[in-house]
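What follows is subunit A paired twice: with subunit B in the first complex and subunit C in the second.
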Partner chain A sequence: MTTEFSQDFFQLFGLSRRFALDSQQLEQSWRAAAAAVHPDRYASSPDAEKRMALMQATHVNEAYQTLKSPLRRGRYLLSLQGVDTQEETNTSMPLDFLMAQMEWRESIEEARDSSDVDALEALSSRLRSDKRALEAELGNALDSTADLDAAAVMVRKLRFLEKLDQEIGDAIETLLG
Partner chain B sequence: MALLQIAEPGLSAAPHQHRLAVGIDLGTTNSLVATVRSGATTVLADEFGRSLLPSVVRYQDGGQVTVGYDAQREQNHDPHNTITSVKRFMGRGLSDIKDAGSLPYRFVDAPGMVQLHTVAGVKSPVEVSADILRALTQRAEASLGGELTGAVITVPAYFDDAQRQATKDAARLAGLTVLRLLNEPTAAAIAYGLDNGAEGTYVVYDLGGGTFDISILKLTRGVFEVLSTSGDSALGGDDFDHRVYCWILEQADLHGLSAQDTRLLLTRAREAKEALTEHSDTRITAILSDGNAVDLTLDQDTFRQITKTLVDKTLLPVRKALRDADISAVDVKGVVMVGGATRMPHIQKAVADFFGQPPLTNLDPDKVVALGAAIQANVLAGNKGEDEWLLLDVIPLSLGIETMGGLTEKIIPRNSTIPVARAQEFTTFKDGQTAMSIHVLQGERELVADCRSLAQFVLRGIPPMVAGAARIRITFQVDADGLLAVSAREMTSGVEASIEVKPSYGLSDDAISQMLSDSLAHVQDDIEARKLREAIVDADSLRDATLAALRIDGDLLTAEETSAIQLVLQQLEQATASHTTLQVNQATHRLNKATEDFAARRMDRNIQRALKGQKISEL
Partner chain C sequence: MAYSDKLMDHYENPRNVGSFEKGDDSVGTGMVGAPACGDVMKLQIKVNADGVIEDAKFKTYGCGSAIASSSLVTEWVKGKSLDEAMAIKNTAIAEELALPPVKIHCSILAEDAIKAAVSDYKQKHGK
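Coming up: the complex of A and B.
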């Protein structure tokens, strides 16, 4: 089996180019593709084939990681349509979102300062449910209304939420340590 | 067990042409070699029927090398030249070995990896490991009656790039073809999963002689997917021996022991630990070189007390791995125990308590890793069995590069499925910059100084551009052995530099374990240090921007105004040298204030020029 590098990641796994996807089907397709091109299958092949397998396996893993994460999937779908999400450059955010961010940060800091792992875990699960809601909105903007500008804003928001989640995770690890 | 059907793989073994391939567990305390023979996986024994080969090498005057039991027997009276637990020194500098002082070796602090002085000359850990591998190869070839095609060698999942590279080098030195470096817990899972037809999420708890590894795997229809790994590369059964040894010193009030006596008591300590697996107490006796006798009794309770912190220490990486896999203890279907040290009853109890179920112990914890490696070697050599399965492993530690101000930018996060590649773009920091130094790091900490340095190289010939205009794309490629290659390319000109990340072994930074425990304990320090570095980076770029503006548009200022700005610039330099975050930030703030007017005037001028059709970018 060969992997077409010219295909987009959705085509690679035989999925339609939409935000909404069947994560089980994605996982299964990835496993099948990864099995076909994994370097272990080419351990006694010529070097050129080994190199090709390494490249293809890497590509398949990259495709899977991109589609698996809603944030990366959203960003990727936008880039396929020529929209740059400007996550590094565009920092203008709706005021209410920024306010909410500050509140999150304060809550995390408070929980961290009082070494309250349970509070951090609770914040994490609340944040994850916020994230899921935003992901649903993003899916709607991409798949139904095709409002790409709104979708780009949502990707930037999601990025903020992922960072917050990571901060919570780091704080929990610190406290456990 | 239902197994995944694989589309035509690129294997070309002729039917009936069985290739001799082995799996080698190159352990800290013991090593083993196993193979698949007529469909059955077996550990190959020596001529006396012994499966284990103690990982002990003795070097004698005249160059004679003894490996295994024969070497182990001599270690008490020839401790300097009898090397045990050499795995702990692989890919490590002297500063990484915390207990070097209490070990009987004459270490040589070589650049890169530590070396050992013996009567047969200076030996590197790679050479010592190669001697162990040679002994195992001889055993296998004698037993199988032919030359080996290749071997799968296991490494702790938590081994970093330098340690993996050192292991591969040892194999090369021993004349072995390495089919794959395989993570020990993954090997155990293969042996276990294929034997038991398991499906679901499993935890492999691997406490070896010198390393502790935890891996979480998902087994689905013949696919072994590693979800996360964690561990401590400086924690193992040896540490339990050492606790008992310290207890003996304390109880018998012993000081300043010779290397021989140290060795003898460490051996007694290990024997006592092993005896306590079966008995509630054990007697420890020894006659020291000065004729004094040691005679103590150690009971199970005392042993549990003096080693409790070690047991607790293993549960931390367990929690981390669960978090990384995004599952909790109740989702775990089974816990596989690997490594001789997991025979200790209080370890089994701690694990059972944590996961709410007794751990699985039906495969010999000493052999399970070698068995799994043999199964993998059989497939990689092209001896296809009826069953096909696939192994999807991960990278244990994040990879990144150094950015401005001594900070690390992570490029591949830990627990990414391998093979993996990631590219990231960076830009120049100064106008006209033509070279860029790339510093590759491995670890979880924010500061470069706290991560393991893997390699450093320079990308030259970047076409001179204004700061921020060049686009340098750095690509990290991690192969299926978990080994890294890095390349860098300037996108607008195509200038390229690449490097196979080879033994810079131990551009000796902190030990990996230290990196990890520190990253937990010192996050607060990190934040402070990071704040300072960021402040300095900000200050420096503001200073550079101000100087550039003075050069270009200095005519917009009066002499007085110019000297006022110069004064604040000087204060900024002093503040930067003070290394106090607050002072740096204040000085930066003052310079910003002092140049506000100047900036407004420059803006006006630029607009004027733009209106006249000049491009601002040319300024």
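Coming up: the complex of A and C.
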């Protein structure tokens, strides 16, 4: 198998270019593609071919990591359509979202300060369901309504949720450790 | 990473932490957030009858640089007119605190927070 660097990550795995994705199919296609370009297969090949295989293996893995994560997949789909999600520069988020972020942080802080692991676990499960809802919304904005500006805001929102997830995880780890 | 004394001072003894009472007409509130690091910043200004900012408060969830940046600007805006506050640049904040390059976005967040607070105040007062 040869990997075409000009193909986008969806084409690479024979998937249609949309947010909704069959994760089993992605998994299978990735395994097949990764096996085909695995450096071990090129152990006795000339150096140029070895280097090529290594580049392809890196490309295949990057494609897999990008498509596997809903956040990264959303960002990638937007970038294919020329939309920058402005995660580094855009600080103006919807007010109600930022207020909710403040409340999340307060709740996490409170639970951490009172060493309440149960409360943190509850926050974590609430966050997971918020995240799933937002991912569904993002899928809708990308696949159905093609509202790319709204989708970019959702990607930025997902970044905040990812950070909360990390904060909760760190807090639980500290308390249990 | 070595942080400056000024930054450490604002981080360890943040000035003007808190909120003004809700529903106060003389208060403008700015809320901003940085997706890349998840920092959230709320900055409020209290404006007197002469259009001068007489007090400011903030609440920030984020790293030390974000907290120090917001603490610093609450000090800076006091005694300034709205236009003067709008003119505060993130580069001045970054320079004052000697922020390392990876933390420049914290100063941008603080600049954007002041701008948002001034806009909110102006909007409330139909300006």
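To be clear about the criterion, the second predicted complex is superposed on the first by the 177 of 177 C-alpha atoms of A that agree within 3 Å, B and C clash if a C-alpha of one lies under 4 Å from a C-alpha of the other, contacts with A are read in each partner's own complex, and residues count from 1 in each chain.
Note that a residue touches a chain if its C-beta (ideal position, glycine included) is under 8 Å from a C-beta of that chain, and two chains touch if they have at least 3 such contacts.
Here the structure is a predicted model, which means the values were calculated and not measured.
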Fit or clash between subunit C and subunit B when superposed on subunit A: clash
Which superposed partner A:A20 touches (first subunit B, second subunit C, both, neither): neither
First, second, both or neither for A:A136, with subunit B first and subunit C second: neither
Touching partner for A:F160 - first (subunit B), second (subunit C), both, neither: second
Contacts of A:R41 with subunit B and subunit C, given as first, second, both or neither: first
Touching partner for A:T58 - first (subunit B), second (subunit C), both, neither: first
Touched partner set for A:D170, first subunit B, second subunit C, both or neither: first
5-13, 23-31, 41-49 or 113-121: stretch of subunit C that collides with subunit B: 5-13
Subunit B/subunit C common contact set on subunit A: none
Residues on subunit C engaged by subunit A in the complex (per definition of touch): 31-38, 40, 42, 59, 61, 105, 108-109, 112-113, 116
Residues of subunit A touching subunit B in the complex: 1, 31-32, 34-36, 38-45, 49, 53-54, 57-58, 61-62, 64-65, 169-170, 172-174, 176-177
Complex contact set, residues of subunit B against subunit A: 4, 6-13, 19, 179-180, 220, 223, 225, 316, 319-320, 323, 376, 379-382, 390-392, 416-422, 477, 479-480, 517, 520-521, 523
Subunit A residues within the subunit C interface of the complex: 85-93, 95, 97-99, 101-102, 105, 156-157, 159-160, 162-164, 166-167
